[in-house]
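Notes for the one structure printed next.
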Amino acid sequence: MSDHISAGHAPGRTFPRQDAPSKALGAEKYAVDHYGEGLLWAGVKRAGVPHAKLRSVRVEAARREPGVLAVLTAGDVPGPNRQGVVRDDQPVLVEDKIRHCGDGVALVVAESREALARGLAAISLDITELPGVFDPEEALAPGAPLLHEDHPGGNLLLEGRLQKGRGAAALADCPFVAEAVWELPRQEHAYLETENGWARLDESGAIQVIVSTQTPHRDRLEVARALALDPARIHLRAPYCGGAFGGKDGVTVQSLLVLAAMAFPGRPIKMWWSREESMIAGAKRHPARLHYRLGADREGRLKALAARLVYDTGPYDHLGGVVAALGLEHAGGPYRIPHVELLSQAVYTNNPIGGPFRGFGVPQALAGMELTMDLLAGKLGMDPLELRQRNLAGPADASPAGVKLAGVEGLRGCLDALAGHDLWRKRAAWQSQAGPHKRRAVGLSALLHAMGYGPVIPDEARARLVMLADGRFRVYSGVVDMGQGNASTFVQIAAEVLEQPAHCFELRQPDTDEVMSSGSSSASRTTYTYGNAILAAAQILRARILREAAAILGPRVKPGDLRLAPGEAVHPGLDAKVPLRQVAERLSVERREAEYHYVAPTTQEPKAPDQTLALHGFPHAVYSYAAHLAAVEVDELTGKVEVLGYVAVSDCGRVLNAQLLEQQMQGAIIQGLGYALFEDFAAPRGRSLTPDLATYIIPSSLDAPAMENIFLQSKDASSPLGMRGAGEIGINGPLPAIGNAVARACGIAPRRFPLTPERVLTALGQLGDRP
Amino acid sequence: MIRLTFSLNGRPVRLRTAADKRLVDLLRQDLGLTGTKEACGAGECGACTVLMDGEPRLSCLTLAAQAEGRELTTIEGLAPAGELHPVQRAFVERGAVQCGFCTPGMALSAAALLARNPSPSAQETRQALAGNLCRCTGYQKIVEAIQAAAAALEAEP
Amino acid sequence: MSRVALPRDLGELWQEMDRAPQAMLYAGGTDLLVRRRSRPQPESPLICLERVEELKRLELRGDQIYLGAGCTHSRLLASDLVRQRLPILARALAVLGSPLVRNMGTLGGNLATASPAGDTLPPLYALGAWVELASPCRVKRLPLCDFILGPGRTALRPGEIILGVAVPVPLQGARHHFEKVGQRAALAISIASLAALIETEASGLVRRAHLAWGSLGPRVVTCPAAEQALEGGGLNRESLSRAARLAREAVSPIDDQRASAAYRRRVAGNLLLRLADPA
């Protein structure tokens, strides 16, 4: 632990968010705010059918539209025309086979948005529709139509299996077994800034790209590969995103934009997906079907778990295998269970693309486990909190997936905190105060969430920090700030080590010309990985500054005699000061620059049963923990569910900035509330019924309850910063906590989510058979 | 093309434009005021909120011609240059800003609320924001910030 | 590129309509400009009604309250006349769209759109409202229930506009009730709604019940049988359950992605049961 990280400050104090003033003033320039003289607009014709042979694209009418400058199709793509991080199975523009409604079939470049719209409307397709697969389990049946004929696994993108003890066979010995199949919806990110970017091919041959993305360096490689370009030609800048949540983890507009830019040298090109296009073409949280069987002995000790998680990954990999692997790792929750059999599958279908979304397969897995835990508690006649406390893994245990849960004692603390909370202790009285036609109940969930990339892909960061000639500093962020405030935290960490106020720092957002790759803004890793790197870089710079300042004060002064103060180095004993400007003048440009390469810890314990699973990230070394409680009121006349109270107790290690941490938790909880109650990107037979924000329902200010967030701060020994990931864990809790509360209120657990009024009224027995 | 005259952030503006251009496009692309955001184009999210004669309004569902003779305020004009409006200051201090894409619309809706109701309850505040969707914050810090701004405004002499 | 006219009074409006008979009229733009997004009609002229002075009246006229078609929902909601004398309408307005939509959308627009889910329609039905239509040569009135013909269809003829709505002032002491079931608490399209205006005797017995349901058929649904089931008795579980059964028979809801017809039918009756609760 650094001596200087919290010198003089209470841990978790509030450091001002560096981006807040410019955003509040409307002055911050997002990717979407770039236009320019001579701007051209680029747009994509979408397939509109879920599965078809594409015979030809009729482009002539579009080319004749006034203002339309070019219509490009797959034949105009100079390279292999393939994108994807693990499997590159997604074409930039469809060659001969359409695999979902949102596939791009043609790229139009026009002089105005109006001309672009006319051009896109004038394109027609010559296609032969193919039978599609729309249910992942049907997609696995023999003879099902194939999405990718060249994939050795057929429609099975990836599956992971884990077994411990006697596996599912041990269920036969359990006097109490809870069994259910849970159905979770496809969730749309619904970030406010839809996918967009700006590009221009310069005379030098360099391609300037400004794009709303979480993965600037990886994008550059993907685009270069798809279009057969030298990646060094692509200069990509990633400003603050207007939200991303995983939906900008991977290319969206990038290859298309660069393709358009290559066709019109010198002209700035803008592509900005409409909300409807973002909805149909963008990735979603994987819908999941979760088959759970959980058995216990008469004392309520968990004995056996069999779970099968089926993730609908849509037509392309898009990290779907990694999502399924992370789900597998979390599928048994944080419990001690001797006999376990887990299977997690990511399956190709002709539905919308499944991809990364905050939580990355874990919200589904933990929902399956935590909802089944309450079913089991019901069968046992046991208090659900007590069931969790009794079975919580200890530091010496492994999780059902066989992973050592470092710091799991923190979760016991979270559960104990809920047990002592008034909303839990006084729930009987609160429930009895329900008004006419209302039922109240309280539900909870116990959570964990892994941080980082797992054992194979290096989870690393290369931080860069510069002392400017005037004695101030510049922090280069190497990982995108999509709204979570990590860039600000990097400044905070540097400011605390260098003991300088915030205004002495400039902050630069990721730019492939200015920083080396530090990986994606994802996996709850940014503050942990880049934060530890910037911490070390700041310590290096601090040492150099003190050494130089000591030299200025004379040969008898040692660096250790000095401390830093705003704008100066101070020798308290001699009452002497050296302005940092003077220090900067004496340091060479190279010495004023500090870089540090940090690699996050990994574990090989347990060893993945096969290398594929390891490549997809199994297992992880660092976990965060939380326990959530939801207090709900169900209306017996309409089935409406209202969340009236919410408490989340989280242990993400040391709190660097309480305000930013609260922001993450509050936002995640309300996204999770939407997932539990409203959100369902419904696409029967691959066609969307919820194409816009009028039909895809996210919570409004009137749907979000006031929340109480409590943070425990277990020491985390895995890194100098002492913190763990916090960006995702909050979204795991609401669906099972609310689901368990509603089940208690109704007397029966609805199996399908979201819990629409209709599903709840059905659970109340008012609409035919109860589920 | 029509000739339009209106007041924009306190200054008179005269320009020629297509009458049916959406106000959000006029502001963002022609006038460079990109603080006004667009996120749905259909009145469902409030990111494009501007004040027209002091009243919050969706600039994606307003045509340029409708600006004639009006007083428009965008986020860039909510406070005098170089200053923060009390709502903006409270948003910054109270952690109400995350990705920031809803923030301009939120701040304008909030400023209009406080102009009409200097001390709104939490519920009244939530009601006033119900047309401004936010995907990052869960709204809690936004509501708290607006209540803090109300208190700060009340305390002003 | 479309021409956009902004007439300031009826005289100018008639001139504009005469000049461009094919022009599309809009007031707030919250319906027309959204539709125009998916089906661009770049050349068709537009007439914006937001400045037409005669459409902004909001006043008590004898035993009627007159609501100009150009009154925005926000203005109606802020008016003491509406809040005190027409609480049933105020409650519907309070959950219509969002504050931004209410600042722009107008009563006339809500009627002209004639959506089965239009939030102001059930309360106006329950209130027995009349619609006033105008053309250059005459003004006429017809009952709201004769004005709305079906989803998106009204009795408005070419060359006519909606001038306003005349609402008979309900008796003092009548119970005003409105409830809407939507997918969320704001920005919600109605899945089902009920407006109930209940006049009671001093004894507490129901003298007259006016009931109107939204989103439960191609038009607002009324159900005289359910009203009669309540009249002459108290609002209790038995009478309301009887009325609820009749209401479920009277509605003709559809399935859509928001809810099934079966759910809507069930809730059509259930919403009546709320009347047993203290107001």
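As written, the chain order gives the labels A, B and C, with residue 1 at the start of each chain.
Note that in this section a contact is a pair of C-beta atoms (placed from the backbone, for glycine too) under 8 Å apart; a residue touches a chain by one contact, two chains touch by 3 or more.
The model shown is predicted, which means the values in this text are computed figures rather than measured ones.
Judged by the touch criterion defined above, the protein chains are all mutually in contact, each touching every other.
In this view the innermost chain, defined by its CA centroid being closest to the centroid of all protein CA atoms, is A.
Counting C-beta pairs in contact across B-C and across A-B shows that the higher total falls to A-B.
Centroid to centroid, with C-alpha atoms defining each point, chain A and chain C lie 43 Å apart.
Chain A and chain B, compared by their mean Cα positions, are separated by 29 Å. In chain A, the positions touching at least two other chains are 694, 699-702. Counting partners per residue, chain C has 42, 98, 185-187 as the residues that reach two or more other chains.
The multi-chain contact residues of chain B, meaning those touching 2 or more other chains, are 41-42, 44, 127, 129-133.
Partner chain B is touched in their complex by these residues of chain C: 1-4, 6, 28-30, 33-34, 37, 42, 46, 48, 50, 74, 97-101, 103-104, 185-187.
Residues 114, 117, 435-437, 637-640, 678, 682, 689-690, 694-695, 697, 699-703, 756-758, 761, 766-768 of chain A are the ones touching chain C in the complex.
Here chain B touches chain A in the complex through residues 25, 28-29, 32-37, 39-42, 44-45, 47, 74-76, 79, 84, 88, 91-93, 95, 97-104, 107, 122, 125-127, 129-143, going by the rule given at the top.
The touching residues of chain B, when paired with chain C in their complex, are 1-2, 18-20, 41-44, 46, 49, 55-58, 61-66, 68, 109, 127-133.
Those residues of chain C that touch chain A in the complex are listed here as 40, 42, 98, 181, 183-189, 191, 257, 259-260, 262-263, 266-267, 270-271, 273-274, 276-277.
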